[in-house]
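Labels for the chains are A, B, C, D and E, by order of writing; each one numbers its residues from 1.
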Amino acid sequence: MNEIPLTHILFVSTALFFIGMYGFFTRRNMITILMSIELILNSVNINFVAFNKYLFPQNLDGIFFTIFIISIAAAEAAVAIAIIINMYRSLHSVDVNETSELKF
Amino acid sequence: MNSTSIMFYIIAAFILSTGILAVTTGKIFRSAIWLLFSLMGIAALYFWMQVEFIAAVQIIIYVGGIIVLIIFSIFLTQKSGEEMPKPLRKRTLFSLLAVCFGFAFTYLIIYQYGFNSGEAPFELKIADIGMQMLSTTEHGFILPFEVISILLLAALIGSIVIAMKVKTTEK
Amino acid sequence: MNLNLLILIPFLTAMAVLFCKGLKQVRAVALLGSGLQLILALGLLYRFYDERAAGNLSQMLFEFNYHWFAPLNINYHLGVDGISVAMILLTSFVVISGVLVSWSMDTLNKEFFFLLIFLSMGAYGFFMSLDLFTMFFFLEVAVIPKFLLIGIWGSGKKEYSAMKLALMLMGGSALVFVGLIGLYFNTNIEGAHTFDLLQISKMKIPVEAQMLFFPFAFIGFGIFTALFPFHTWVPDGHSSAPTAASMFLAGISMKLGGYGCLRVATYLMPEAAHAYAGIIILLATIAIIYGAFATLMQTDLKYINAYSSISHCGFVLLGIGMLTQISITGAVMQMVSHGLMTALFFAAIGMIYSRTHTRMVAQLGGLLKVMPFISAVFVIVGLCSLGLPGLSGFVAEMTIFVGSWQNPDVLYRVATILACASIVVTAVYILRATGKTVLGPITDTHFNKLGDALWNEKLAAVILIVGIMAIGILPFWLNDLITPGSQQIILQTGQNIMLK
Amino acid sequence: MILNDIFILMKQELMLLGIIMILLIIKVGKDWSNESLLNLINALLLINVMSGFMMPAEGFLFGDMFKTNSLITLEKNILNIGTLIISLQSYSWLKNHKHLIEFYILMLSTLLGMFYMVSSGNLLMFYLGLELSTIPLAAMANFDLEKRKSSEAALKFIISSAFSSGLLLFGISLLYGTAGTLSFTEITSHLTNTPLQIFSFVLILAGFSFKISVVPFHFWTADVYEGSPVAVTSYLSVISKGAVLFVFVSVLYTVFKPLAEVWYNMLFLLSVLTIVIGNLFALRQDNIKRFLAFSSIAQVGFILVGISGSSQMGTASVIYFVLIYIFSNLGAFGVVSLVSAIAGKENISDYRAFYKTNPFLSWVLTIALFSLAGVPPTAGFFGKFFLLIAGAEQGNYILIAIAALNMVISFYYYLRIVKSIFMDPNEHPIEKLTIPMMPKIALFICLAGIVVIGLWSSIYEYIYSLSTGF
Amino acid sequence: MNIYSYIALIPLLPFAAFVLLGLFGRKYFNTVSGILGTFTLGISTLLSLATAYQYFFVDGKVDGVFTQIIPLKYTWLQFSPNLSIDMGIILDPLSVMMLVVVTFVSLMVHIFSLGYMKGEERFATYYSFLSLFTFSMLGLVLSSNIFQIYMFWELVGVSSFLLIGFYFEKPSAVAAAKKAFIVTRFADLGFLIGILILSFHAQTLDFQTLIARLTDPQSSQMLSITTASFMGISMLTWGLVLVFAGGAGKSAMFPLHIWLPDAMEGPTPVSALIHAATMVVAGVYLVGRLFPVFVFDGAALIIVTYVGAFSALLAAVIACTQTDIKRVLAYSTMSQIGYMMFAMGVSGKGGEEGLGYMASLFHLFTHAFFKSLLFLGAGAVIHMVHSNDMKDMGGLRKLMPITHITFLIACLAIAGIPPFAGFFSKEEILLAAFHSNKLVFFVALFTSGLTAFYMFRLYFSIFWSKETQQHSEHHDEGPLSMKIPLIILGACALLAGFAPIASLVTSDGKEIETHIDVLFSLTPVLLAITGILLALSLYKKESDKATKVANTFGGFYRTAYKKFYIDELYLFVTQKIIFNLVGKPSAWIDKNIIDGMMNKLAEGTGVVSTQIKGLQSGKVQSYALYFFFGIMGLSALFIYLLK
């Protein structure tokens, strides 16, 4: 296990983070944007777990942080989806580009 | 290079490739499925890192909860299999540049930092998690636990209010 | 003498005005309040002489010091010297006549008088402040009411003018603010900073800091007093404002700037004042000459007075820039004189306008026949403006000229000569305006039906004329009042070019 | 013993929890009329405000999860007062709202989140508090359920804040990776000027900046402010912002102290950007809420100037300014909310000739705007003055000069509204509004605050005595 | 305090009259205001005569020399410990003589106006202005301080403005008033700067001290003013020349004379008072006052000489061509003042050298009487004919005998025919010129011939020429109040030449011996008679001889008739150059460039604001992108660039 350097794991998380970010920037569907955010949060989770495990094993701070992030992600997703659904009712679309009534 | 490391690279490749697919696929339902795979890959990574508890939570909440929620919402708002509108080309270009640059930059910094692995062995006991979760002392997480419960309550109420609108509009 | 009264009375008057019903009550209260102010100001003058006669030689009299914001060493510190007393007198004269002139203000009268009196409170506070923070506070108090006064009760392109005025003055006060902050952080009293004017004057501000912050403070205050090329708010602002507001604007508010230039910029940063004197004089001379020539071309009476104000306020700056005791005395005199004079001028223009409904010189004519009183006022103020002996303008301008001449630098001499030359141009435009408006044949037959000034207008004019003549005929009291103050400033600058 | 501590140290949070519980019970129980509910809730909030001032205590709870002292108590009290005012002001809007109780539950839970955030002693609690104060707010933004704009605002808010919290988390995780701890006090000792730590700091700074809408992290602000119900907008702009500012100052001053040189320069840059961009955008807005959004962005720029002073005065001035800002902004929002709720108009052009029909409201709005602009004798003048003094303490006069000159631009747009109210003619001005009791009380409180907080120096001196410097 | 304290009353009485009449006259006692004004002035006149007696004959002389007495002095404005404007009274031969002249002529004019201005609606106003003028003029001549004189100088200017513009409904009157004021104002600018220069170096504003310091070659002040120079010319010269410029403006010397003819728009008595006898000689008075200093600076005196001589000639030439009787008189005034000026200029200090000084003031004295007489006579004529143009007149000698006789006396006086007043004074002037400057002497000689010519041209045109007089309905010469002054002044014009000015008013206070050199005086008298005869031949009878003569001069005549186009030149300079090249550009620059800059600044901000609105596109993903850029930018900046 030790032969995998920590940076490799961080490579995965960073890459995932930017993949999520790319999705966030380009996707036009609100739900897929939400999905991209999940990717971002997951990459953070990997970071926390990896750091906790390989660098600071004395405490469980990272692990706990991960747990809380996961729960918050759930809450966030719930509210976001509620809003999206509400939005969909009036807009009849989930294209984020169409939600630009408020601008300038 | 032993089997665990090979395992790691396989998992890593899986996570990233499904992740890329999840954000690029044209069909939304497929996208959700790719996301599901990616999240499961992450769970596998947790397993690989021997933090089974997190892996379990990951599967339960993400795969069992959030993805399901997302798929429900997809069904509510979309016909499955329908092609999503293509992203704007200019935005794609910019995003790609930004993301590539960002990634290179970030990883370079991380890489240069030179993380060293700690000496102490890491042992994760689920009992510890339970104890600390409800402990009120130093490194006890009861307060965050309570806070998150309020957050979930509030999120619940908020979602209900917003989603409950159905009746009023249809009247 | 409690100086707080001079802030309290206007404040209470303003508040009382808000609770009045109907024009009659409102104006009665406003008149009462401004009358009280006048009495207080005269009382202050009397008490001031009294104290001085009794041998009280401290720089500031009637000091009141309250520790306001202790952590920042900000004090509510009031006190007066001769210069302040002169400015306070000026303010009280203009305020009461401003109230009288607005006697029959028909729209939103309550608000109008409230703002007027509120503005005067700012002016009083400013002139009495011995703490830079308090000073700045009152400076800004005096700005915003003008915006409303012009914007609501003005005429012509009033919104534009009001906005322009407010923004430029606020810009000025922003610069002042930077200057004040710079001063503040360069003071040191046992590790703490201070805003206290007297304390700062006693310590040495590093010369580099002075060189850096003097322009901020001076230009900032200069904008208030129509420093070229930041004078453009003057014509529009003055011409769009209602009569009383024009009077306040030109009579009081432009003086805030001159006073600030003197008391803050020059007094506290003497070395920098010397270093920048050339530029100040250059700008002041340009303002004087250029303002005068620009006035020549104006066709609207209010514009004429506004541009002439630029020219006249240039004298104030010139006097300050020359940095001799006489010229500074002259600058203060000019502030007082111009304040009274321009207020009267605007009052006269307002009276004419309210009757003939035009301010264009070309459309007016022969008013002496139908409204002799107003015309006489107009002529008197015109003569004061062109510096007729016996009226205040002469005394002030001559003091400045004599003072400026004491500065032996050739270029300064040239500036002085140019400034002197402007009095010829002044004569030209004043006589043009007077000749066309008051004299000559009546241009419009309906003028024949117009009446002369009412009692309130007469009273307002008489009050101001009394002020003008009190200075013009008996200038020594004002001179004696101001001179110790200007002496103090000159002593501060360290180079007394005064004749020995 | 610990229970006793909890009661004493966490009394403000417990009060809120109690109110939330009461509301839940009422919700589950029988139907109340909206009026009586509002009366009850406002009474409860009043009690909440008053109880905040009682029994001040100092200490830590649950390790470093929760800390409190008189400054933190004061900050919470300020937030409490603001919430009460908003609640009073929203009377007209809430009176006819079906989900009154839910609104309050959400609002109070966000407030609770802010309290935890303000009291947090480590990154986890900070993050949770932040999320607790954000996610329900998104739901609240959608509370004009019928309006598309409202849900658009909510959507933008939740998406943007999720994004920003993703970045913030990434930063936190990197910081955790380099410091090995989540505790504020311990992080400080692990901070060195390594690029990674600076990077993580930037990410965290961005997280903060997002919440307090610092340019270029501010873009959501205007859209969300415009679309949300006025009550939510005002809540977002004063309470949520204020809370994050409180944390921001203390985090910068204590946790990131070793990086002071870095963040000082960053704040310089950001504050200039924020003031300028905020001003430039505010110049040409017509929707008054959107306008207030940009003006509040510019205000934040000024606050950053004050923060950059990094001294006791900096802390004090920021808190003082937030206090003033709450009263001034709520004064403005109070009027806007009344007009919006009763007349349904939100454009500046609708306010033309407002003075003819509603002199009282006009004066309140004008004075509030003057206070925002920083015109004496309103408190805003003192607030801004002290912020800039604090900012100048580092000797950065360029920053002060830029800020001071930008104040002139800001004058322009504040005066523009005043001009509309007083000077512009209008064929169809907003009709004469009858102001219900509660909003009226709220307006008077705001007016009193605007006047008193500035002139009465004891308030500033009190805050100053509690503040800690660098 | 001493016995002369009452002198303060001399100016203050008219001032009181001014205030009283100005404030209440018109409303409450319009008709009697003339009497009131005249009465107060009468008291002043008596007082000044008493003063003259007291000073000249009782106690003015100390050791055979007239001394300056300062009976009163109050500090009016203390600039600095040694620089102050004092309000004081100075008594010396010069001021006492002027006191008499001013009060006396003013009194005559007051009396004359009683009849002349009768029925005028603004009768009280007229008298209040007259009183104001008298007050100012008296203040001027009594001033003990150079700044004090400047103040009264200005007041005189303004009262002249008010009086010229008295008929304010006439645009030409208003224009003339404006012109007079502005031109003299321009000159006063020089005066002011001169004062600044002199007072700066002398370190005093007080006449006595100033003169004492600037005439003592050893004093440090003298040293400072002569060593300091500007453009190679010493400050003393500058100061004196500039002061003289002020005097030249008031005294209508070339090239600042253009206001004087126009000033005739005012009521004729006013012209008699201000523009003949008193105010216009203020310049001479000023030079006389500072004469001790002038003597020390040859350059300044030369300028005074040539300006005076040239003005005398120029005015005489123009006067020959004018047809408006008042304008002819105006130019003759200018010419005579030119005499006084160059007399000052050719003078030296003390004894025989100081003849010019004495002659100048002597001429001032006599001129005051005959010139005011001429004006009042012209006023009487105008009163009757209702026209200023000599073409409308003629043959009036029978209708107005008193006027005719007195006018003739005055004409003879001005022409320098013995034994009329003008002869004596002019004689002294020519003598002084002869002794020091031949060129000037010949100019003066020629001018005196011209003077006789144009005066008699005037005289004949008015009183002879046409024999029948049809356009006048009332054959009355006017009320008694108009006749009495004419008679009194006529007597003065006849007798003033015998006044002992030579023994009283001299440059050093000592008496000088004068004697009439018959041989010397023959030439000018003959010349004058030639002039008279020429006029007689041309204008005695109505004929076209005069036009023929004019035609022979052709272009020169026209140019002279057009006053050498100096007015047009001024008009060109002021209207075209000052207005178009300075005034209009200033106004334009102000409106478009400076104000435009401010507006553009505001506009620019608005434009930028509109330009960047695209940033706020409403698309949440763009926002996120900017967010991300922000982070990347900040980190890149602070990690790599600012390390």
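Rule of thumb we're sticking to: a contact is a pair of C-beta atoms (placed from the backbone, for glycine too) under 8 Å apart; a residue touches a chain by one contact, two chains touch by 3 or more.
Since this is a predicted model, take the numbers as computed values, not measurements.
Chemist: What are the mutual neighbours of chain A and chain D in this structure?
Modeler: The shared contacts of chain A and chain D, listed by label, come to B, E.
Chemist: By Cα centroids, which chain is closest to the centre of the whole protein?
Modeler: C
Chemist: Based on CA centres, what chain would you say lies at the far end from chain E?
Modeler: Here the answer is chain B, farthest from chain E.
Chemist: Which chain has its C-alpha centroid at the greatest distance from the C-alpha centroid of chain C?
Modeler: B
Chemist: Which of the chain pairs holds the record for C-beta pairs in contact?
Modeler: A-B
Chemist: Counting only Cα atoms for the centres, state how far chain B is from chain E in Å.
Modeler: That gives a centre separation of 101 Å.
Chemist: Would you kindly tell me how far, in whole Å, the mean C-alpha position of chain E lies from that of chain D?
Modeler: Centres of chain D and chain E (C-alpha means) sit 77 Å apart.
Chemist: Based only on mean CA positions, could you tell me how far chain B sits from chain D in angstrom?
Modeler: That gives a centre separation of 31 Å.
Chemist: Using CA atom averages as chain centres, what separation in Å is found between chain A and chain C?
Modeler: 65
Chemist: Give me the residue numbers in chain C that touch at least two other chains, ranges are fine.
Modeler: 167
Chemist: So which stretches of chain B touch two or more other chains?
Modeler: Residue numbers touching two or more other chains: 91, 94-95, 98, 102, 106, 109-110, 115, 139, 141, 144, 148, 151, 155, 158-160, 162, 165, 169.
Chemist: Going by the contact rule already set, what residues in chain E reach two or more other chains?
Modeler: Where chain E meets two or more other chains at a single residue, that happens at 602, 613, 616, 618, 620-622, 624-625, 628-629, 635, 639.
Chemist: Mind listing each pair of touching chains for me?
Modeler: All touching pairs, sorted by chain label, are A-B, A-D, A-E, B-D, B-E, C-D, C-E, D-E.
Chemist: Once bound in the complex, which stretches of chain A touch chain D?
Modeler: Against chain D, chain A makes touches at 10, 17, 20, 24, 30, 33-34, 37, 40-41, 43-44, 47-48, 51-52, 55-56, 59, 61-62, 64-65, 68-69, 72, 75-76, 79-80, 82-84, 86-87, 90-91, 96, 99, 101-103.
Chemist: Under the touch definition given earlier, write down the residues of chain A that touch chain B in their complex.
Modeler: Per the touch definition, chain A meets chain B at residues 1-12, 14-23, 25-29, 31-32, 34-36, 38-39, 42, 45-46, 49-50, 52-61, 63-64, 66-68, 70-79, 81-86, 88-89, 94-95, 97.
Chemist: Tell me, which parts of chain B touch chain E in their complex?
Modeler: 91, 94-95, 98, 101-102, 105, 109
Chemist: Going by the contact rule set out above, which residues of chain C touch chain D in the complex?
Modeler: 68-72, 74, 133, 136-138, 140-141, 143-144, 147-148, 151-152, 158-159, 162-163, 166-167, 170-171, 174-175, 177-178, 181-182, 184-185, 212, 216
Chemist: Which of the residues in chain E end up touching chain D in this complex?
Modeler: The contact residues of chain E facing chain D are 602, 605-606, 608-610, 612-613, 615-616, 618, 620, 622-624, 626-631, 634-635, 637-639, 642.
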